[in-house]
Each structure stands twice: as C-alpha cells, then as structure tokens.
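Paired with chain B in one complex and with chain C in the other, chain A is shared by the two complexes that follow.
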Partner chain A sequence: MLKGSRREAMGLALVTPSFLFLLVFFIVPAALLFVCSFWLAHSFRLIPAFSFDNYSRALSASGFYVLTWNALKNGLCTAAFTVALSFPTAYFIVYRTRGNLLFYLILVSWFSSYLVRIYAWRVILGSNGLINTTLMQLGLIDHPIEVLLFSPFATILTLIHIMLPFGLLLLVSALRDVRREYIEAARDLGASPFEVLTRVMLPMCYKGIIGAFMFTFVISAGDFVTPQLLGGREGMTTGILIANQFRSSGNWPFGAAMAFLLLAAFLLVYFVFVRLLHLLRLAPGRRFHD
Partner chain B sequence: MTASNIVELYGVTKAFGALTVLHDIDLNIVEGEILTLLGPSGCGKTTLMRIIAGFEPTTHGRVIIKGADVSNLPPDRRPVNMVFQRYALFPHLDVFDNVAFGLRLKKWPKDRIREVVRNMLQLVQLGDYGNRWIHELSGGQAQRVALARALVNSPSVLLLDEPLAALDLKIRHHMLAELKRIHQETGTTFIYVTHDQDEATILSDRIVLMNGGRIEQIGTPEEMYAHPRSLFCARFLGETNILDGAVRACESEVTYVDLGTGTVKVPTNGTALAVGQKVSLAIRPEALQVCRRAQPAATEGDANALEGTVEDVVFMGSRVLYSIRTPVETLKYQATRSVDGVMLAQGEEVRACWRPEAAVLLTH
Partner chain C sequence: MVDTPHGRPFGSPNIFRNDVLSRRGFLGTSLALGAGATLGSWPGPMPAQAAVGGDLKIMAWEGFTLDNELKGWREANNVQVDAAIISTQDDVHAKLIGGSPVRLDLAEYSQGFEHFYVDELKIVKPLDIAKVPNFTPENIQPEFYNAPTWYWNDTHYAIPWVWGLNALVYNPEMTQPIKSYKDLLAPELKGKLTFCDDTIATWPMIARIAGLGPKFPNLTKDEMKTAFEGLGPYRDQCRVFGSSNGDVISLFSSKEIAACFCVWSGTPVETAKRGVKTIYAVPEEGAVMWCDAWFMPISAQNMDTGYAFMNEAISAKVQAEVCKAVTGGAVNKHAPELMDAHTRALFDYSDLQQVFKKSPLQGQPPRTSDVYATYDEWTQAWTDFKSSF
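So, the complex of A and B:
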C-alpha cells in the first residue's frame, strides 16, 4: 500500500515540472489567445467582446484560402516525402547496420543553422547556382531554369532537407520495436516481404508514422520563413498573414482567429491521415472476426 | 527417399565467415515423430532448425521436405511453421487475428477461417481468449497462442525453438504434457530444440545429441541413456559416474579394465581395444549397489566392486543421493528410499558394486 502511494508520488514528481512548464507557457497563453480571437481591435486597441467577426472576415477573404492552401501544400508534400524517404533509411539503419554511425551522420545536418541551409539551397538552385551553371556548361540548356528557385519546388525541397532528420529519428525509434523475430514469424507464416511490410512492420510502427508525419507536417505548414525566402510568388503562407497581424497591423484578435482556423485545418489533416491509415489497414486493431 | 521420411538433410554445412557452426549434417526425420535437437548452447542446434525453417541458407548441403528440395526456397514457401523462443506474437493483433494470420495470407474464406481458428483455440484450451490482446496473456497462454498460430496452418513439420525456456518450472512441466497431447491429437511431426535434457527425454521419440556443430548420437531416450557412445553423451544425459582406466585384456565378450586399484569387467563395446589403451567406464548412479562393508558381499559373484566411505547424504523424498569417496573417484549413488527407513549414514564404510553390464565402456 505504502509502496503504491510512493510510486504515485514519484510519478507525480517526475511529471509535474514539464506539465507546469507547458501549462504556464503554452496552455494558458493558448487559452488567452483563443479568448482574444473573439475580441475586436480598433486602432491598435483591443476591445473585449464576444464576436465571430474575425473568423467570418478570414473565411470570406479569398486570400486566406490561397495562403492556407499554400501552407497545407507545403506541409503535406514535405511530410509525405519525408516519411516516404525516411522509412527505407530507417529500415536500413535498424536492420542492416550495426552501431549508429550512419544515424549520427544524418543528424549532423542539424549542426548547421536553419537559415544557413536555406541560403545554401539558394546558392544551389539559383540562376547562377550550381545546377544551372553545370547544366549550361554541359550545353544541356541555353538559359537558366528559373523555376528551380523561387517556386514551391524549392520550398518543399528545402523543408524536406530540414525535416528529414526529425522523421528519421522518429521512425528509427519506432522500427527498433519491430524486433527481427516478428519479421521472421510473419515470413514463417507465409508472408512475402511486401506483406511483412504492410501487415506487420507498418501497423507496428503506426504511432511512429503518425508522429513523424504530423511533426513534419505541422512544422513545415506553419513555417513562413522558408517559403518567403525560396517560394517566389507562391511563397506566402498563412503564417506570414498571422505574423503581420501581430507585428505591423496590431490586430491581435484577427491574427488569433486565423491561427485557430489554421489549427483547425491541421487537426482535420490529422484525422484524415489517421482515417486513411485505418482504411489502408495499416493501423493496429481487430478485424471484426466475431 | 523413404516414404516415411518427412525431412531429409544431406551434408548440411553452415559457416558464418570463417566460423563453421555445422559440419556435414545428415539427418532423416520420420513423419509423425517428436525429434529433439539437444545440446549445449553454441552446438548448432538452433542454426540447424533455422536452416530447416529457411531463415538461414546452407553453405553446402540440401534440405528435402516431403520429397521436394527446398534448399533455395524462402521461409514463406516451405511447409513448416515455427514456435519462436519468445513467441513473437504480433502485439498489434489480438489472439484471434494472430492465429488467423497465416490463413488470411492464404486468402481463405472468412467463415472457414473463423471455424478453423476457433477449433484451434479450443485445442490449445484458449477457446474464450480470441478477443484478448497479447499483452493481456500470461506466459503459458502466450505459449499456447504461439502453438495455435503455427499449427493452424497444418504444417508438415512444426519447429519449436526452446519454447519452454521462458516459462517457470511448474508451467513447464504442464506444457510438456500439453505438447504431448497436442502432438497426439494432431499427428504433426515436431522438431524440438532444447538444451534441457529432461525436456528432451520426457518428450522425444528420438533425440539428436549435438556438440560442436556435429551430431554425437541419435537414438531413443532410453538408448541414449543406457548406451551412450561417447563421454560427451554419457555426461550430457543424466547423472553418471566416469571411471578412468586402461585396458588390461580385451576378449570378444568381456574387456578387463585396470582402474589402478584393481581390475573390473565390462562388456566389450564392439571394437577390439589394444592392451594399455586409455578408456573410461560410465556407470549410472542408480546402477550401483552399495552395502556396508561389514555385511557379506552382494549376491552376484561376478560383480565389480570399489570400497569407500559415505561422504554425503541428500534425502530427496522418494530417492536418496549419496556421495561415496573411493580411492579412484567420488561416486554418485542413487537409492530409492527404503520402506524400513534404513539409510546409510555419513562416514560409514561401504562397498559399491555393479554388474559388468551396468557399465558402458567408452574410448577417448
């Protein structure tokens, strides 16, 4: 009895610091922001109210949809490619290598700053960049390919580069739980290598895949620096719209409302993604056998 | 090919780099039998089983199952199924779906899968456990599910890789009886890997004793126990007394062995031995007859004898284990508890006798 209550006290002591941190610096501010999204702003002054004006204003502006679509497109493409590229690499690291050298080498790309990597891609993709210069000197093209830089392609390529180590980290730790004997058991029971993947490995990595997808999705869809620097005409995302409300326009309630609309869009993506995994039978669960 | 051989191994050799773990193994497994691959860890028994299952390719040699050469087939295309040491039950599926896994891959109709899986769960006495998750099972229950998941595919051969190693002693004995019952009810051929000689003797029709990547001896548990052909076999299966000596004379029926303190007689083991050759005698603890030295010698005039002192007495209930120090070796002697309660006491002067045929002559 004493032992049980001591264990509980211990558990509480371990959880409390991080919970308090999140409470004070995330949950409370987010709640305040949510309340604020129903307020009104008038010439840089906040007026407490309960109004849906900010929401309807955002939802009736076509620009909001265009920019949100840009954000979601960046996020979805980055997340999908990151997971698709990370999984084979994670497989290789978990089952085909001893030690973690390769893993650490991939994590090394984190040692350089985010902005440095964005500028590095500008150097590579630009009109006078590495790719265009090489192609022109080889005589394959006469004029630089302009769409390499300042396009969604450049944005997504860079975001994948930034996100890949995150995806890999999550998928490697998920795959480590799929011990080799599960794979052998499935083969033994008649599964082809592809069936091992779809019926054992992916369902057993379900949480890791959701984690890797959503993590990379939320960060890339919410990012407004990379698209701004590399995305060209389509480089505007909802993030910059929201930032502007807080920075220059001073319309906090409107910014808050758009932030929560974006959050709603993210949640929708989450539920659709989870549903999709279930429909594809890549999720754990019963198969209605009774 | 003999009709009754379900698995045939010819010259199976396995090397991992420079290390050869199996040397030229020839082995036939008879349909319907329980064959145990027994040996200390590192003897190659698990590798041999994994070669039969298809998880390891052979370096040389052929694996024939039901008359077909499967040496180059992957595990999913061999008619064998395996029970893994740690069960490897899929944690993302419940008990029913684990058992149904193989049948679903074969695209069986749903109704048939439901019926067959239910029957199989009944067979392993887990009829009501279909909806349980794997983490909700005890060790013994997980073991049964692993068994059901393999057997439901009606394999030609069921491979069991130390299946009881993770269970505690009491459940282990119960599961041994269960395995025997399930073997009888299904008639499936079992190949059972273990390092535990008790499991092997209780369960097996035949034991394959392995050592250092080679087969030491094949036989029924009784044969192996009564007629070990090597010192390794004599030592590995059950308790035994080993007495070292040299051949004094070798006749067609009887060999005389000088133990240093005197000469004893032992049946000749088939080969003629040179005088002076170093040999060992293996005598099981229960084959000795021990009496107080003051008493007249044992009835058989032919008996071999060593004189000694009772050094230690361990009362085990139905049995009593004695250690008897003799000039040659400290002998282990096992007696059944006598009903009149007479036991030898520590320090008593005794004479240990055995009939010539109770000992086995082993060359080095």
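So, the complex of A and C:
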C-alpha cells in the first residue's frame, strides 16, 4: 500500500513540471485566446463582448475557404508522402540494420535551419538551379522547367524534406514495439508479405502512424513561410491571414477566430483519418501484442 | 503637455463595464502571463537623468541604429545604446500600448503612423525642440522641417532623419529599359515581375496607376476596388510575390525575376554585392517616398540622452555617413556636400521640390472611416490581390 502511494507520488512529481509548463504556456493562453475570439477590436484595442461576428466574418469570406483549402492540401500531401516514405525507411532501420547510423544520418538535416533549407530548395529548383541546369546541359530540355519552383510542388517537396525526420522518428519508435516474433509467427502461419504488413504490422503500430501523420499534417498545414517563399501565387495559406490580423491590423479577436476555425479543420482531419484507418481494418483500437 | 499612461484609455479596464482593453492590458489580466508581463516590463528604480549618459534603449530598423556613425559620441558621453530591431512597424506600438508599456527612450515611425500613434494610441511624447539644436530651418531641408507628418498644433512629435524612395527596380540584362509602369506588361516579362509585400510602399503606387494618386490615402471603397482591378494584368505577369525587401534581393540575385513593381531604392546596391546588376528607376508615374523619424515614446526615461542622440543623428556628418550605409537621403541641407559622389547622386538635392512633386510623401489609409476604405480593408484587398481572388 505504502509502496503504491509512493509510486503515485513519484509519478505525480515526474508529471507535474511538464503539466504546469503546458498549463501556463499553452492551456491558459489558448483558453484566453478562445475567449478573445468572441471579443471585438478597434485600432489595436480589445473590446470585451460576446459576439460571433469574427466567426461569421471569417466563414463568409471566400478567401478564407480558398486559403484554408490550400493549407489543408499542403498538410495532407506532405503528411501522406512523409508517412509513405518514412515507413519503409523505419522498417529497414528497425529490422534490417544493427546500428542507428542511417537513422542519425537522416536526423542530421535538423542541424540546418529551417529558412536555410527553404532557400536551399530555391537554389535546387530555380530556373538557373541545379536540376534545370543539369537537364539543360544534358540536352534533355531547351528551357528551364518553371513549374519546379513557385508552385505547390515546390512547397510540398520542401515540407516533406523538413518533416521526414519527424515522421521517421515516430515510426521507428512505433515499429520497435512490433517484435520480430510476431512477424515471424505470422509468416510461419502462412501470411503473405502484404498480409504481414496489413494484418500484423500496421494494426500494431497504427498509433505511431496516426502520430506521424497528424504531427506532420498540423505543422505543414499551419506553416505559411514555406508556401509564401516557394509556393508562388498559389502559395498563400490561412496562416498569412491570421498573421495579418495579429500584426498589421491589430485585430486579435478576428485572428483568434480564424485560428480556432483552422484548429477545428485540423480536428476534423484527425477524426476522418482515424475513422478511415478503422474502416480499412488497420486500427483495431487495441494493442495486439499486449 | 506630457502624456502619461494614467491619462490614456488603457489603464485599469473593467471588463464587466465593457471597458476597452489593450492587447497588453488583456494579457495583463491573465493569471500567468500577466505576472510575467508585469515582471518583464517593470523598469525598476532608476535615478532621474539630468545629463547625457547612461543606457539608452532605442528601437529602430536594421541598419538604422547608428552603431558605427555614433561610436565616438557614445564613447565621449559614456552612453550605452541598447537597440531592438524593428521588423515591421507593428513591433513598435506592440511594445508601447497597454497599461505597462515597455521602456523605450527612442523609437522610429514611418510616415503615415503619426496620427495613429499620437492621437489614437497616444504613445508619443511631445518633443521640446529646443533640446535638438541641429533641428533648425538653417540646417534642415524645408520639405522636412515642420512638415505635417511630424509637426501639428504647434507641437513637434518626431524628428525626421532619413528618407528614400521606393521605386521600380529591374535587371537590364533581362528586359528593355523601363520608363513607365505600362512597360511591365510586355510579353517578355511574363513570369518575371514581382511585387514586394511592403504594403505602405506599394499601395500609393497602385492608386497612382489607376489615376487616383492624389487622393491616396483617402480613397473610397469603390475607388480602392477600381485601383486593385486595374492591377490585375500586372499580377498576371507574376509567378511569385517577394515577402520582403530581402526576398526581392534574393529573387533578383537568382535571376528568377527581371523587375519588381515597387521596392527599396537600395536594392541595386545589395544585388550588386551578389554579382547581379539591377537598376533603380523612377518611371513617369513617379515613386513612393518614405521617411523615418525618431520619436520619444511615453515610456522614455533617459530623455536628455534621447534628445542628444536625435540631435547627433541629424548632424551633417552623421547624416552623410548613414545615408551611404543605408542608401538613403539626408534631411540635413549640409550633408550632401560631405557625401561621396555615389550617395549624393541617389537623389536630386538641388531640386527636392521636384522630387517631392513626383514622389510625394503620403500617409496611410485611416484606421476607421465611414467614407474611405480603411487600413483593414486595404490589407484585405492586398491579401486578395496576392491570392489571385
């Protein structure tokens, strides 16, 4: 009994610092921002009220839908490709390599700054960049391929590059919970490689997949710097609208309302994705190996 | 009259009475952040400053903090300047509005912010111009001395000190010489034009191209709509929008663009450093003038040193040096003779009236108005324009 309560106290002591940190620096500010989203603003001054004006204003603006759709497209494409590319790599690292050298090599890209990576892609994809110059020197093209840069392709490619290590980290961690014995047992029982993947591995590491997908989705969909610098005329996303309200216009309530609408869109994607995994029988809702 | 925080509408709001709160005030009422903000902005005990010296907290644009130009003055007067950098003008008022403004002894505002800062936000201290002896009609160009951007109701609110033009910049290797904005619609510039995301620099030119230039910044909503509709063909020439002056320089350097609609006149100097020649041109439609001014925020404490700093900033020698460093124009009449030939040739100091006529110093749209398109509406229209709606 005493041992149990000591263990509880120890658990509480371990959790409390991070809980307090999140409470003070995330939950309380987010709650205040949510309250603020119902207020009004005038020339950088907040006017306490309870009004849905900000939400109705955002929802009645066609631009909000277009830019939100741009953001969601960036997020969905980046997340899908990141998970699809990370999974085989994670499999290779977990089941086919003895050390973590490959893993660390991929994580090395974190040592360069986010903006440096964006500008590096500009150099690679530009009209006079590495790809176009090489193709022209090889005589494969006469003129630079302009669609490479300042397009959704450039945005998504760069975001995948930025997000891949995050996705990989989560998937390696998830796959390490799927012990070799389960895979070997499935094979011994006659399962094909596809069945091993879809009936053993994916259901057992689906939480890692959801984590990797949502983590990369939320960061990519919320990003507005990469789309602005690489996305060209179609590169605008909701983040720009929100930033404008918080900085140029000084209308925090309107910016907060748009931020919470975007959050609602993110939650919707989360529930749809989880539901989809259930429908495909890839998310059993319990851990098979417990 | 010296304004105080207690005299402004920000102090001690009561949300149950539906009072008006500033952003800082709002945060100040929150449980955790309020404590942090209060502690963070608490100036602590500080003796009254009676002479030049001590620490001076300023906020200025990058390159405009006079680090090199006032090195000798700082050492001679034992002044330690603590400079914060402005990335957008909003950074300045974000620090000053609310019940506990952050201490700043001096800061800069661009033209167009004067009434917003003085009359609406009430974050500017009126200046005692006698403490800035270099600011006299004998020293300062008449177009800048006592201009309504910094002086009204017999009160000086700021000291203008560096100006310049935002104009068209192009790469002569990639296009014919551009003499009019209409030249930007040439087929060979398809995909090679860009706009810089600098609203105050670009909006006046948008109005001017639509023939509404003299009316800016007071355009009706319909006029604003007309102005942006006229800009459609220019947008169709763009593949990308430059997110900042630096981004435009980067785009020129990588030869992704051949021309920028309206950007900082110092752009050719920066692209030349990267081996790409560009030309700054004032087309027949003119350019957009900017001018930065030092003002004393309500939270200023080391005021004597602040006055001395401003006085030095507009001295002829410092003006000549800083204009070379930032590719800007001097307000001091005697500065051009101390400049090198290149810096002096940037602007026609012998006929500033003509410069002002072709490229007037214009403000920004009103924050609130029932008649004219407001700043928010311009911001929205600009966002829509960039998003190709």
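The rule we apply is simple: the second predicted complex is superposed on the first by the 284 of 290 C-alpha atoms of A that agree within 3 Å, B and C clash if a C-alpha of one lies under 4 Å from a C-alpha of the other, contacts with A are read in each partner's own complex, and residues count from 1 in each chain.
Definition applied: a residue touches a chain if its C-beta (ideal position, glycine included) is under 8 Å from a C-beta of that chain, and two chains touch if they have at least 3 such contacts.
Everything numeric here is computed off the predicted structure, so don't read it as measured data.
When the shared chain is aligned, no partner comes close enough to touch A:H143: not chain B, not chain C. Measured by the number of chain A residues touched, the leading partner among chain B and chain C is C.
When the two complexes are overlaid on their common chain A, residue A:D188 makes contact with chain B while staying clear of chain C. Using the contact criterion defined above for the overlaid structures, shared-chain residue A:R96 touches neither chain B nor chain C, since it reaches no partner.
After overlaying the two complexes on the shared chain, residue contacts for A:C36 are found with chain C alone; chain B is out of touch. Touch criterion met: A:P284 reaches chain B, while chain C stays clear of it.
On the chain C side of its complex with chain A, the touching residues are 9-10, 13, 15, 18-23, 25-27, 30-33, 88, 90, 93, 97, 116, 120-121, 191, 199, 235, 238-241, 243, 247, 250, 254-256, 367-368, 375-376, 379-380, 383-384, 386-389.
Residues of chain A touching chain C in their complex: 24-25, 28-29, 32, 36, 42-49, 62-63, 66-67, 119, 122-123, 126-129, 146, 149-150, 228-229, 232-236, 240-241, 244, 247-252.
Note for the complex: chain B touches chain A at residues 53-55, 74-76, 80-82, 84, 86, 88-94, 96-97, 100-102, 105-106, 113-114, 117, 130-131, 149-150, 153. Those residues of chain A that touch chain B in the complex are listed here as 179, 181-182, 184-192, 195, 199-200, 203-204, 206, 284-287, 289-290.
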